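First chain written, first letter: the chains are A, B and C, and each begins at residue 1.
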């Protein structure tokens, strides 16, 4: 059947509307990914120019030289994700089930940190965790920290910063998934002889799992690539792969190495994410 | 395949008649969603000035047909003519038809007045204020003109939807299950009111519904639709009294359908044999090309008589034994087993005479006037259309779930 | 719970009074305590920012509270380059928000109102930039700019910001459009509105809250972006770039003033928006 003029117009409308977005993402998202990949296989130097020589050795060198940074990034990001989960879940749970009329005020408080500038709020932690600050003072007086120990410039402060900065991205999806649960389901579970805790474990928790999974992704991904927290709250000992990529690009000007590091980071994150998704799906089946 | 022939001959009859001014004419309409044919070579003429009901169960294609008339869906084959002009390729906003949506689809950000004025403003009409006021008066909503839709009750919203379509004086008004979301009492009122308005304005209404009682109370003419085809078309009484297919017999009210064989003719009646007893059927009420038939009669046409009295020669008679009886206020329904038939017969008797109900086990004669008997094709499924009719009594809110999901999956949405 | 258990012999029920008490306590108190602690944790750094904006630092570093002063507030633009960096950030954020909103609204409308070949892939493409760490986005853009010859600076920053804002706008606007009855557009067409008129008179006004929210989000994201900007800024100095640079030499307390002002403005906006939404919801009921 031949299409009429009207039908043809209708068929094209959605594509025309999409075109600006597609064009923009093609030029400034997909094309850069290609140049990044190409760049990671180049050789040469910034002053003499780079040539595409299919230089796979960039990857070998990157891994050999910087595997501890990768490991540290993944480790810090994982710990920060778990900390965020431990804080965000009870928080979201409280907002949904216990907050009553405080619900919306608490929700605003949850996103409030995002309204304060990212760098400035990270710097605020240097005041909070400073050696003369309240936190270190309290911990020292409780003998959790000895007088010659401190928090700033340690992994603790970096992880605290990561956790804090990305916490809203954990809280919001969990809040949404908990809020969606039909409260009668929990009542039904209680009616079927589940204690409060068992009802939580067998009904509430599984139903909020999608929120947990997306929250973990939204925290883990930016945390693994972050270099601000490690820079402002950490020391040379606590540098993450983001710091290396940043300095390779902007100070060492070793683009091929920096590009190879970026590609490895992407692959690592995608790999970990798909692996954990598979695992969590397998858990759901059990 | 009798129902196909019936539908097509019905269509041919109308094609030969000259299409009048304002007639809506559907020719060979086909709509498929993937492999699923929702509307299957549909022919239909809706004469100008009538309240025409398209009646059928969920997923029979009636809503899709209506949407094709509105231009919201595009037929894969066939044409739609309005007053003799082909509007098949005309886009929705150019068609002189208006729709009352099942969900009403009132614009939540506009007042009632602006909702009703929407179409007039789009067509840059004059005297918008007077026209809107007049139509709001007709639906008794002048006082609500400056409210928002969310502040109105369901029945009021329904009337706004009606006014919003009517104010444009469409050549055809399309009503898509317009009363589906209302409770029974309100629905009765609205049925009456819509009928009134249609009488007053003399516009053509195409009313899509799954509710057979609603269709029968309101419509001048009904087309019963099933599986994308029209089973039978006619005035409500005609459809009810003389169904041509098992689907129609069961979907409109209920019917007793008993297997039988044609034995011969006697004047203008056909003599059939049903469970070993002779049943006579008027010739013009036999809709079968075969020897084997289903002989049918409506339960309320039957008298239940205890054995003994002799039957009137103008009556058919089948004897059986009362299996069960249930008292339902205005009448009593008997279920009677008939020797030789797997299916029991139902009889509905009005509670006009004093005296006890017949106890189960009582041998009885079931008698009815010969002209009430009809015969259908014996190859049909005698249960077609059973249980799919949803009367208003259940207060059931129905959405054409199959059609909706089919649209969501395959249909290009506007 | 207790009523049901009482009807059966305790021995059959594996009944543990201790667990009962813990779960009850968990439900009633621990949750609230954790919630309160979490709230403190969320707001502590903000409180610190505000307090330190009123500090007169003892030395170069504004880490510990020394002495109360209003000087920083009266002399906001004191430190060299601070206010010009804020101006540049505002300009870029405004341009990025406008562009991303226009592009995003068109795409969101297409994705939520049409079914077409490639629909699913387009949806995934929209999500992809959000699943990439920002370092990678910034770094890859740097390689593109160097290869193509786009000079680093305000324009390069703007192009990048529009890119990552589009996705957020699309998600917010799509969520709003999904709440609207698809029949409304059909009803408008049925009442003689052309597709463009239907969009203007029905879809646009109804989607307006979502579009506004998307635009505000895009503005905030662009204004606050540091990681991507860091790779593409060249010599251009946005507000986050200023803070980053200052962090090494000691951040002037005026930075806290600016952060406090922004925080308060956004807070007031967010609260008014939610109040307006609640009032409207109540009124329409």
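Before moving on, here are some points about what is shown:
As a convention for this text, a contact is a pair of C-beta atoms (placed from the backbone, for glycine too) under 8 Å apart; a residue touches a chain by one contact, two chains touch by 3 or more.
Bear in mind the structure is a predicted one, so any value in this text is a computation, not a measurement.
At the centre of the protein atoms shown, by the Cα-centroid criterion, sits C. Relative to the C-alpha centre of chain B, the farthest chain centre belongs to A. Chain B and chain C have centres, each the mean of its CA atoms, that are 54 Å apart. Taking the mean of the C-alpha atoms as each chain's centre, chain A and chain B sit 59 Å apart. One simple way to say how far apart two chains are is to compare their mean CA positions; for chain A and chain C this gives 15 Å. For chain A, the set of residues that touch two or more other chains comprises 11. Counting only residues that touch two or more partner chains, chain B has 91, 412. Within chain C, contacts with two or more other chains are made by residues 113-114, 116, 195.
Interface of chain C with chain B (complex): residues 113-116, 181-195, 197-198, 201-202, 205-206, 284-285. Contact residues of chain A toward chain C in the complex are 11, 13-15, 17-18, 20-22, 24-25, 28-29, 31-33, 35-36, 38-39, 87-88, 90-91, 93-95, 97-99, 104, 106, 108-121, 123-128, 130, 132-133, 164, 167, 190, 193, 195-197, 217, 221-222, 224-228, 231-232, 242, 245-246, 249-250, 255, 258-259, 262, 265-266, 269, 273.
Those residues of chain B that touch chain C in the shared complex are 70-72, 91-94, 97-99, 101, 103, 105-109, 118-119, 122-123, 148, 150-151, 164-165, 168, 411-414.
Against chain A, in their complex, chain C makes its touches with residues 1, 4, 13, 19-20, 22-24, 26-27, 30-32, 34-35, 38-39, 41-46, 48-49, 52, 63-64, 102-104, 106-107, 109-111, 113-114, 116, 119, 122, 125-126, 128-129, 131-137, 139-144, 146-147, 159-160, 162-163, 166, 170, 195, 220, 224, 226-227, 230-231, 239-240, 243-244, 247, 251, 255-256, 258-259, 262-263, 266-267, 270-271, 274, 278.
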